[in-house]
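Presented sequentially are two complexes of subunit A, the first with subunit B as partner and the second with subunit C.
Up next, the complex of A and B:
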C-alpha cells in the first residue's frame, strides 16, 4: 500500500515536472522566430565571455596563455549555470504571479509545487548547457583554452557536474520561497546572491587571493568545490592552490555534505516563506510593478 | 451532508502606511454551512469580504481566527487534501499564458491534476464546444477578448471535475451573451452532478437570484442574512418597494430624510430615479408634496415586486452601486 502510494506520488510529480518543463520551454523559445532564437543562443554567451577575455588580454599584456586564463575561462563559463538557474527558479514565481496571473491556479492544484518550479527552470538549464558548450568550444578552438578532449576525466566531471547542479537548484528553491514574499523588484535578490557567488566561489580567481575571512566564507559554499572539481576534471593543471591539498574524492564528499545541509535549509526556508505568504495573503498578490 | 463549513471565521489585514495604516477587518465571525448539491451565493458590494472568504476556502490565505473546513478537511492544516477536492475561477482578470493556444493552456492545467492526456484533450474539446469557444481552440490566448478568456478560465475550472468549485465573480465585466452561457453552464453542471457544490460570489443581484439555492448577504466582512432567495424576499413583503422618477429635485437628500432607506441615481435623461422601501404607503402623499414644494416634477411612481436589491437595501441601508 505504502509502496503503491509512493509510486503514485512520484508518477504525479514526474508528470507535473514534465509539463512544467514543456511550459518553460515554450516561454523561453517561443518569443522569437527559430532562426533568430538560434543566433541569439550562439551569440549571447560568446559576446558575454568576450568582454571578460578582452579585459584579461589587456591586463596580461596581450596573452591568453598561462594557467590563470584557463582557470578564469572555465570558471566564467560554468558560472552561467549559477546565474541562469537562480534567475530561472525565482523568475517562475514572479512571472506566474505578476505577468500571467496564473500562480493561484498553479498553487491550488494538487501537484507538487517543487516539481513545478524545478520543471519550469529546466529550459534555462538546457539553454545554459548549450551556451556553456558553445563558450568552451570557442575557447578551445580560438583562444587556446587548454582543455584536451583526451585528458578530460569524464567520470569525475559527470559526478561533480550533477552534484553541483543539484546544489544550485537547492539554492534556487530557497530563493523561490522567498520570492513569494517579495515584490517584483525582489529579482535583485537572486542577482545579489549570484553576485556573492561570483565574488567568493572562486569563479575568476583562486580563493586564496581573498582576505582570510573571505577565503573562509568561500569554503562553506558548495559551489566553490563544484568549480574546483569541474576545473580539475577538465584542466588537471588548473587548480586553486588553497584547495590543492584536498583530494578529488574529498571535494565530492564536501559537495555532497554541503548540498544536503543546504537542501534541508532550503526546504525549511521554502516552507516557512510559503506559510508566511499564506498568512500575509501574498501567494497571489499583484504588486503592480 | 456538509460540503463547506466555517466556524467564527475572521480575517484581518494590516493596511499599508500610505493608506493610513491600522488594521482592516475583512471578515468578521463568519459561520456558514454549505451542503452538497447546493449553489451557494455570497452577495455583497466590492470590499465586503467575498474574495477573502473564497481565498481562505481555496487555501490561498490563512484565517486570522476561527476555522474553515472544505470537504471535511481543515483549510489551514490539511490544505493539500483540500486541494485534491477543489478548483476555482476568478472573474475580471487576464490570467493565462498568452504564448500558448487555448487548447495548450487548458491541457497544461489538466496535467497539474494528473488527468490522462488523451482523456483531458477529449474533455477540453467537449467543453470548448459547450462554451462556444471551439473555433478559437488553436488561437493564442493573448489574442482572445475578455469574454473568451473568461470562458477559457471556466473550462479550466470545470474540466478537473472538482467536488467543490469556487467561482469569484465569474461574470464580472462580461457581455450579456457570455454571461448567459456561463450561468447556463453552472446550472446545468450542478443538475447533472448533484453531489457537487458551487460557491459563487457576485455583486449582481439578478445572477444570485437566478442561480443560487441559498444566499449569504455579506457587508463589511459580516454575514447579515443567510436564506433562500424566496425567504430573503419575504423579509420585505410586508413592506412596499417603490421606484420614483422625478425631475427638478434640487435636494434629493430630503427624500432620504423622509424615507430613511431611499437611494437614488441620475438616469440618462437627467432625471433622478429613487428606490425606496416604505413601511407605510401613506407616506407617498408627503413625498409628493415635498417634490411639488421643490418645484420638481414626478414622472412616475411604481410599486414593484420585491427583489434581492430591496432586501439588500433594507438590511444594509444602501444599494450595491
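Up next, the complex of A and C:
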C-alpha cells in the first residue's frame, strides 16, 4: 500500500515536472521564430566570452597561449550555469506572481510546488547547456583552449558536473523561498549571490589572486571546488595553485558533503519562507515590480 | 494681435504642460529612492562585485595599472547602459503590463516629455550608482585619475548621456509594440554592447572597422574619450577626444530627432493594431 502511494506521488510529481518544463520551454523560446532564437542563444554567450578574450589578448599582446587563458575560459563558460540556474529557479516565483499572476492557481493545485519550480527552470538548464557547449567548442576550435578528447577525464567530469548542478539548484531553491517574501529585492538578491560567486569562487582567476581574506572566503563556497573539479577534468594542467594540495577525490567528497548541508538548509529556508508568506498573505501579492 | 497673443499663450501652455509631464515622470524615479533606501545597497554594492572580478583578472595578468581604471570607468558606465535598456527602452513594455501605457497615450502631452522625464529621473538615480562605483574604485583599488581637461571631460559625459538616452527613447518606441520579446531583446543587447563599446578594454583593440561601427553606440566614444582624458599617458585612444565630442554632439541631435519620429510612428501603429493595452503576450 505504502509502495503504491510512493509510486503514485512520484508519478504525479513527474507529470508536474514535465508539464512545468514544457511550459518553461515555451515561455523561453516561443517569443521569436526559431532562426532568431538560435542567433539569440549563440550571440549572448559568445559576446560575454569575447569580452574576457579581448581583455586577455589586449594585455598579452594577442596571444591566447598562457595557462591563465584556459583557466579563465573554462571557468567563465561553466559560470553560465551558476547565473542562469540561480536566476531561473528564483525568477519562477517572481514571474508567476507579478507578471503572469498565475501563482495562486499553481500554488493551490494538488501537485508539488517543488516539482513545478524545478520543472520551470529546466529550460534554462537546457539553454545554458547549449550556450556552454557552443562556447567551449568555439574556444577549442578557434582560440586554442587546450581541451583534448584524449585528455578529458570523463567519469570525473560527469561526477563533478552533476553534483555541482545539484548544488546550484539547491542554492536557487533557497533564494526562491526568500522570493516569496520580497518582490523588490528578488533581482538584487540573484545578482548579489551570482556576483559573490563570480568574484570569490575562482571563476576567472586563481583564488590566490584575491586578498588573503578573500581566498579564505573562497574556500567555504562549494562552487569553488566545483569549478576546480570541472577544470581538472577538462584540462589536467589547469589547477588553482591554492587548491593544488587537494586531491580530486577529496574535491568530490567536499562537494557531496556541502551539497547535502546546503540541501537541508535550503529546504528549511524554502519551507520557512513559504510558511511566513502564507501567514502574511504574500503568496500572491502584486507590487508591480 | 489678440490672435497672436492667444497663439503664444497656447504655445506656452503646451510647453508648460509638457514640462510638468516631464517633471511628473521624473519625480517617482528620484523620490522612489528615498522610499526604498535598500535600492542604494543593491545598486551600489552589487555592481562592485562583478567589476572587482574584472579588476582581479587584470591583476592576475599583471596588466598596466591604467587597465584597472578602465574597468572602473567601464563598470560605472554599465549602470547607464542598464538604465537605458531596462528603465528607458523596456520601460514602455512594463508600463503596458501594469496598465499605464494607455494613460500616457490619452494624456494631452507628448510621449517625448514622458520619456524625457524617465531619462532625467533615471540618469539622476544611475549617477548615484556610477559615482559610488568610481569612489569604491578609488578607495579599494587605489585608481588615480588625471583631471587635466575637466571641461572637455564634462562635455563628453553630457553629450554621451544625451545621445544615449536619445537612443533609449528611440528603442522605447519599438518596445511599445513588443511583448515578452522585449525582455529577451534587452538581454541580448547587454553583453554584445559591453563587448563592442569596450566597457572593460580600450575599443581601439577591436580594430578600426569594428570600432567605427561600434561608434554608433554613444557609449563607445564616450568611454573612449573619458578614458583618454582620465589616463592621458596611456595612449589607448581610438580617435582624438575633441573629435569624439563633435561626433557625440551630432549623434545626440540625430537620436533625439529619430526618437521623436519613431515614437509618433510606433504609437500610431500600436493604436491601429490594438497593442497599447495588450498584456501577457
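Here is the rule we use: the second predicted complex is superposed on the first by the 287 of 289 C-alpha atoms of A that agree within 3 Å, B and C clash if a C-alpha of one lies under 4 Å from a C-alpha of the other, contacts with A are read in each partner's own complex, and residues count from 1 in each chain.
As a working rule, contacts are C-beta pairs under 8 Å (C-beta built on N, C-alpha and C of every residue); 3 or more make two chains touch, one makes a residue touch a chain.
All values derive from a computational prediction rather than experimental measurement.
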Subunit B and subunit C placed together on subunit A: clash or fit? fit
What is the contact status of A:27 with respect to subunit B (first) and subunit C (second): first, second, both, or neither?
both
_On the A-aligned overlay, A:247 touches which partner chain: subunit B = first, subunit C = second, or both, or neither?_
neither
_Which superposed partner A:279 touches (first subunit B, second subunit C, both, neither)_ = first
**Asked** Between subunit B (first) and subunit C (second), which does A:188 come into contact with in this model arrangement: first, second, both, or neither?
**Response** second
Of the partners subunit B and subunit C, which touch A:15 in the superposed model: first, second, both, neither? first
Between subunit B and subunit C, whom does A:116 touch in the aligned arrangement: first, second, both, or neither? first
(Q) According to the stated criteria, A:40 is in contact with first (subunit B), second (subunit C), both, or neither; which is it? (A) second
| request: Could you tell me if A:5 is touching subunit B, subunit C, both of them or neither one (first, second, both, neither)? | output: neither
Quick check on the superposed pair: does A:108 touch subunit B, subunit C, both, or neither? Answer first, second, both or neither.
first
Subunit A contact check, subunit B vs subunit C, more residues touched by chain C
Check: subunit B-subunit A-subunit C angle from CA centres, nearest 10 degrees, reads 80
Closest CA approach of subunit B to subunit C after superposing, in angstrom, is 5
Dual-contact residues of subunit A (subunit B, subunit C) 27, 31, 100
Listed in rising order, subunit A residues that touch subunit B in their complex are 12, 15-16, 18-19, 22-23, 26-27, 30-31, 100-102, 104-111, 116, 275, 278-279, 281, 283-284
Touching subunit A in the complex, subunit B uses residues 13, 55, 58-62, 80, 83-84, 86-88, 90, 93-100, 104, 108-109, 111-114, 156
As the complex stands, subunit C meets subunit A at residues 36, 38-39, 41-42, 45-47, 49-50, 52-54, 56-64, 67, 97-98, 179-181, 184, 187-188, 190-192, 194-195, 198-202, 205-206, 280
Within the complex, subunit C is touched by subunit A residues 27, 31-32, 40, 43-44, 47-48, 50-52, 54-60, 68, 72, 99-100, 184-185, 188, 191-192, 195-196, 198-199, 203-206, 209-210, 288
